[in-house]
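As C-alpha cells, here come the structures.
Common to both upcoming complexes is chain A, partnered first by chain B, then by chain C.
For the complex of A and B:
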C-alpha cells in the first residue's frame, strides 16, 4: 500500500512538468548522451565477463523491473509476477524451440518459437492482470505473488512440460547471417537493443494519451471513470504492455544461460525484481536499470569483497541486505530520488529556484 | 639518489618475480552449496576439500595451485551462474564442481560449451550426468545415487525380511537415482514397493506426507537430505511414527546423524547404503577420518566426515594426483591432463576408484546400520562391503538401457 502511495506523491510534479514539452526529455541532456555512447562502445571497454555477466544481466533484469516500474509507477499496481511472466516466456522458448531435452522440446526454429513464446507469455500476463485489477494495493501484491508462487511450484513438480527441478538444459540460441548471436558481443548488442527499445517505449507511453490516462487512473480512478474512461480496461492494457516487455526479457534470459529451471522463477527471484525496482526508484524508467546494476554488482562481488577484507564469506547475503537497507533508508524513492535531491541542493546555492526539470 | 634507484630496482625485481610467480599458478574453481537446504552438506564438502589439500599439499612440480570458491544453492541455475563466474571472471582452468544432482546435469551440459577446460565432479550423484550424452571433459570420481544403494534392497529382503516398503524422497534427479537403485534390487529380490511419495526440495511442512504414509508396510525408505531430513524426523517423531526406517546416502550421513536435538534418535537401527561407512576398519579410511578430525576443531566439524567430505576429498585427490602425473602440463587444451584423469586409479579413503568409458566411477559400496556409540553420538556401522560397483549395477548394458532413466515412476517394481 505505502509503496504505491509513495510513488504517487513523487511522480506528480514530474508528470506535470513533462506535459507541456512533448519532446524526448533526454535529447538535451548531455549525461544521457554520455551513457548512451558508453553503452554502445562497451565491448571495447569490458571483457566477456563484465560485458555479459554484469552489463547484459543488468539490462535483462532491468527490463523485467522496467515492466514492474510501468505498472507500479504509472499504474499504481505493484505486480510481483513480472519475473514469472519472463520465466514463462523463457520456458516457452525452451519448450517450442531446440534444447537438450528432445522428448520435451518441439524443435521449432527460433523465429517461430520466440513469437510463440512472446504471445503466450503476454496472454498469460494479461490474464493474470485481469484477475489482479479487481483488487487494489496489498491485495494486488498478494494475488500476483500467489500467481508467481503457484507457477514456481508447478514448474518444480511438472515433468511433462517443464521437466521438474532439473529444468530444461542446452537451449538452442539463434545463428543466422553467419553470426552466432549468443557470442558475447552480438548478444550484448541484442540485449542492449531490446533494453533500449523497451526503455524508450515506456518513456513514450508515459507521455502518450494512454500513459496519461493510466496515470489519471492511478491518481483518481473514480474521477477518471466519471470522465468516461474505462478504468479496468486501462489497467489490463497496462498489464498487457508490461507482460510483453517482461516476455522479451525472458527470451534474452534463456538465451543468456542456455537453460531454465524452477530456481529462476522462485518466489525469492520474484521479490528480487521488486527490490531492484524499489532500490532504483519507480518514478522514472531509468530507475530499474540503475537498481539492476546495483543488484548485480552486489550479488556478484559481495562474497569476494568480504573475503578480501578478511571476514567470513558466508555472510555475504548480510552485506547485500545492508546495502539495500541503506539505500531505502536514506531515500524512500530509490537512487533516482537521491540523485534528484542532490541536483536540487546543487541548484539552491546558485539561486535558480523553480527549476521544473528536477527530474533531469 | 643511489639509494632511491637501488630501492627501485629491488622493488621492480620483486614485482617481476611476482609476475613470474603468478604465471606458475594453476587456478582451480570450486563450487559448493553454501546456501539453502543443503548448506550443511556444502560446508562439510569444503572441509573434505581442505583436508585433501592438507594431506596432498598445493604444489604441483614448481607450480602452485590457487583455489577460488563459489557458492550455489542446489538449483541448476545457481550452479551454472557460479561456474560461469569462475571461468569468465576468475579465469580458472580446472573446475571442481558441483555438489548436487541437478546441478551436475546442468554443469555437465555447460561443460560442453568449454571443451578446452576440465570439469571434475565434486559430489553430485544423478545417473543422467554421466550416463546420458556424457561430456568428454567431465570426470566423476564418486559413484551415482543408484550405485550407492547397491546391496541395500537385497540385505533388507534377505536379512531383515522386509517384504513391503514405501518411499519418501525429494523430488529431483539424485533421489530418483537412489530410489532407482533401491527398487531395482528390492523388487528384483521379490519385494514390493507399494507407495512412492515425492516432496519438493526445501519442504518444511511434512504433515500431509506423514499422514499419507501407509501402515501396512514393513519399512519406510527416506531419501531426504540436509534441512529437509531434520524437519521430517522432527515432525515424524511428534506424530508418533514408529515404523522401521531405511535411509538413502545423504539421509544416513553425519550431516543428519550429528544434528542437534533428539529427533535423530528415531534413526537408531536404520538400514542404509552409501559410498562410505563411518566405522569401517580399513586403515585408509581410518587415516582419512583422523586427518579430517585433526584439521578442524570439534565444534567446527562433524565427529566423522560426511559422504560429501569424502567425495570432495576423493575428487580433489584425483585433481591433484593426475596434475602431478603430467607435471602441471595444461597445454594443448589440457589433453594430457584429461588423458591422465581418465586413466588414474585412486586409492581413495572409501576404497579403490577407477573410471569407466563414460568417465564415471567404479567403486566400493557399503550397507550400514545406524548405531549409538553409547555417548549419544550416532554412527553408521558397516554390515556389508560390495566392491567393484559399476554404473549399470552389474546388469548387462543392453538390459540396463531398457529399464529407462530414473524418474518418479521408473523403474517399475519388477524383476528386470
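For the complex of A and C:
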C-alpha cells in the first residue's frame, strides 16, 4: 500500500497539470520524440547482439513488468504471477505450435497457435486474479507468489504437456511474406511494435474511465463501492488486461529464445519482474522499461564489471538484490522518483529568488 | 465441538465418516480387492506417515511465519532463507562436533539473532508500511540466497542422523498377513517419528505459552490491536523483537530438521517459503492451530499425491488452496 501511496502523492501534481491540456502528453515532450526516433533507427546503430540481447530483451521484460505496473500502480495489487502468465502463454505457443518435441507439439501454424495461447493465458491470468481478489492488500502477493511457485513445480513434474524440467526446445518461429520474422531486424521491429502498443494502451487506460475507476478502487475501495462501482469486477478486469499484455510478451519471449523450460518460469524469475517494475517505478508506464533496461544491462555486463573490480563474477544476483534494497529504502518510486526528486532539487534554487513557490 | 455439530450437521457427518474411513484404512487388514484397486497397504501407510511427518516439518516453518505475520503484519518472504540458513548452520555444527542436539540449539540461537537484527535494523524503521516491508523481505531473500550460495556452494548437504535414531522401528500396525497367517508390521524410520513428536511438543508448548502465560496474553492482545496494547504501556517493540526472534529461531530449527530427513541445497528456501505460504493461506493467517491443521493437510496432500498421482501432485496442493480461498478466504481456522 505504502509504496503506491507515497508515489501517488509525488506524481499527481504533474499528471493533473497536463491532463486538461493534452490527451497524449507524450506529443509535447521532446524527450519522448527523441527516444522514439532512436528506438526506430536502432538497427542502424546497434549490431545484432545489442539489438536482440539488450534492446529486444529489455522491451520484452519491460512489457511483462508493464503488466505488473498496471496492476500495482493503478490497481494497488502487487501480483507476482505476471511472469507465470507470460510463461504459460509461451508454453502454449510451444505446445500448440511447432517445436522439436513432436510428441507434445500439435504443429498448428503460428497464426492459430498464437491467438490460442493468448486466449488461454488471459483466461489463466484472469482466473488467478479472480482468486487473488478474494483477499486484499498484502495477501495478494502471497497468493500470486503461491500460484507462480505452484506453476513452476508443476512444469517440473509434468511430462505429458510441459515435458518436465527439460522443457520444449526449437520452437518454430513465423515465416511469411518471404521474411524470417525471427531474423534480428524484423524481430526487433515486432518486439518494438508490441511494446509500443502495450505502452500506449496502458497509458490510455490510465486516463480512460475504466482506469480512473480502477485508481479510485485503489485509493478507497469502500467509497467506490458506495458510489455503485463493482470493486471486484474492476480488479478482475485489470487482471484480464494485464494478463493479455503479459501473454503477448510471453509469445515474444518464446520466439526470442526458441525454447521454454521451467527455469524461465522459476520463482526467481517472477521476483525479477517485480524488481524490474519497482526499480523502474510503478507509477508510470515508462518505469518498467527503464527498470528492464537497467536489469538487462546489469545482467549482461555485471560479470565483466565485477571481475574488473576484483570480485567474483557470479555475484550478479547479490548486486541486483542490494540495488533493489537500496531503491526500496530510499525511493518509493524507483528510478523515476529519484530523477524527479533530482529535477526538483535543481529547480528549487532557480525558483527561490522569485519566491513563487514559498507560499505554495 | 458440539456447537459445530449443531450448526453444520451435514459437514459434521461427512467429517465423521471421513475419519472413520481413514481409521479403517489405517487399522484394518485390507481385503485383496482393495489392494488390487489402489495398491499395497504398506505403500499407503508409508505415504500417510511421510505426509504426517512432513506436516510436522511444515508446521515448524509455518508457525514462525504465521506468528510474525499475526503480530507485526509483516509478510516475511525471507522466511525460507532463514530456514536454509538454520539448516546450513546445523550442518556445520553437526559436522564439526558430531552432536545433533547441539546443532539444534546453535541453529536456533543464530537464526534468532538474525531475526533480532532484521527487526531492529530494518523492520522497525518501516513500521505500518506492509507493502514496503514485504518488498524489503524479497530483497533480503535474494541477498541471503546469493550469500549462502557463495558460502556453501550449490552442493547437497545432509545432516548426519545420530546413531541412536538410525534405523526403523516396528509400529503396531499390520500392513499385510503372510500366507502362514503371521502378521507383518509396519517398519518406519525412528528419526522421523521422533521429529514429528518433537514438533507436536513444540506446537502444544506454543499453544500453552500463548494461551496460559502473561507474555502469551500480551502477544494475543497485540494480534488483536497493537496500538491499544502499546497505549496501555506494554513495551511493544521488545515484544516485537522477541516474537521475531522466536519465529526466526523456529525456522532455523526446521532447517536442521529438514536437513536431517531431506537435504539442503539452494532452492530449498523457495520450496519452504511456498510451503509456509500455502499452509498459512489454508490454515488462516496468524493462527497457530490453523498452521498445524494447514501443515497436516498440505503434508498429506503432497505425499499421498506424489504416490497416487505422481505428475499432478503439486496440483492437488494448489487445488486445496484454491478451494479454501473460494469457500473461506480468510483460512480454515482464522477468526476474521
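Keep this in mind: the second predicted complex is superposed on the first by the 324 of 360 C-alpha atoms of A that agree within 3 Å, B and C clash if a C-alpha of one lies under 4 Å from a C-alpha of the other, contacts with A are read in each partner's own complex, and residues count from 1 in each chain.
Heads up, the rule we're going with is that contacts are C-beta pairs under 8 Å (C-beta built on N, C-alpha and C of every residue); 3 or more make two chains touch, one makes a residue touch a chain.
What you see is a predicted model, and the numbers here were worked out from it, not measured in a lab.
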Combined model on chain A where chain B meets chain C, clash or fit: clash
Touched partner set for A:165, first chain B, second chain C, both or neither: first
Partner chain in contact with A:157 - chain B first, chain C second, else both or neither: both
Chain A residues touched - chain C or chain B, whichever exceeds: C
First (chain B), second (chain C), both or neither touched by A:100: first
First (chain B), second (chain C), both or neither touched by A:46: neither
First (chain B), second (chain C), both or neither touched by A:142: second
Which of chain B and chain C A:261 touches, first, second, both or neither: first
Partner chain(s) touched by A:300 [first = chain B, second = chain C, both, neither]: first
Stretch of chain C, among 257-265, 275-283 or 311-319, that runs into chain B once the two complexes are superposed: 257-265
Residues of chain A at both interfaces, chain B in one complex, chain C in the other: 153, 157, 159, 314, 317
Complex contact set, residues of chain A against chain B: 48-49, 52-53, 100, 153, 156-157, 159, 164-167, 169-170, 257-264, 266, 300, 303, 313-314, 316-317
Chain B - residues contacting chain A, complex: 34-35, 69-71, 73, 75-78, 80-81, 84-85, 88-89, 102, 105-106, 109-110, 112-113, 133, 171-173, 198, 200-201, 407-408
Chain C residues within the chain A interface of the complex: 73, 75, 77, 126, 128-132, 134-136, 138-140, 142-143, 145-147, 150, 270, 273-274, 277-278, 280-281, 285, 310-315, 317-318, 321-322, 325-326, 329-330
Sites on chain A touched by chain C in the complex: 1-4, 78, 131, 134-135, 137-139, 141-143, 145-147, 149-150, 153-154, 157-160, 267-268, 271, 274-275, 278, 312, 314-315, 317-318, 320-322, 324-325, 328-329, 332
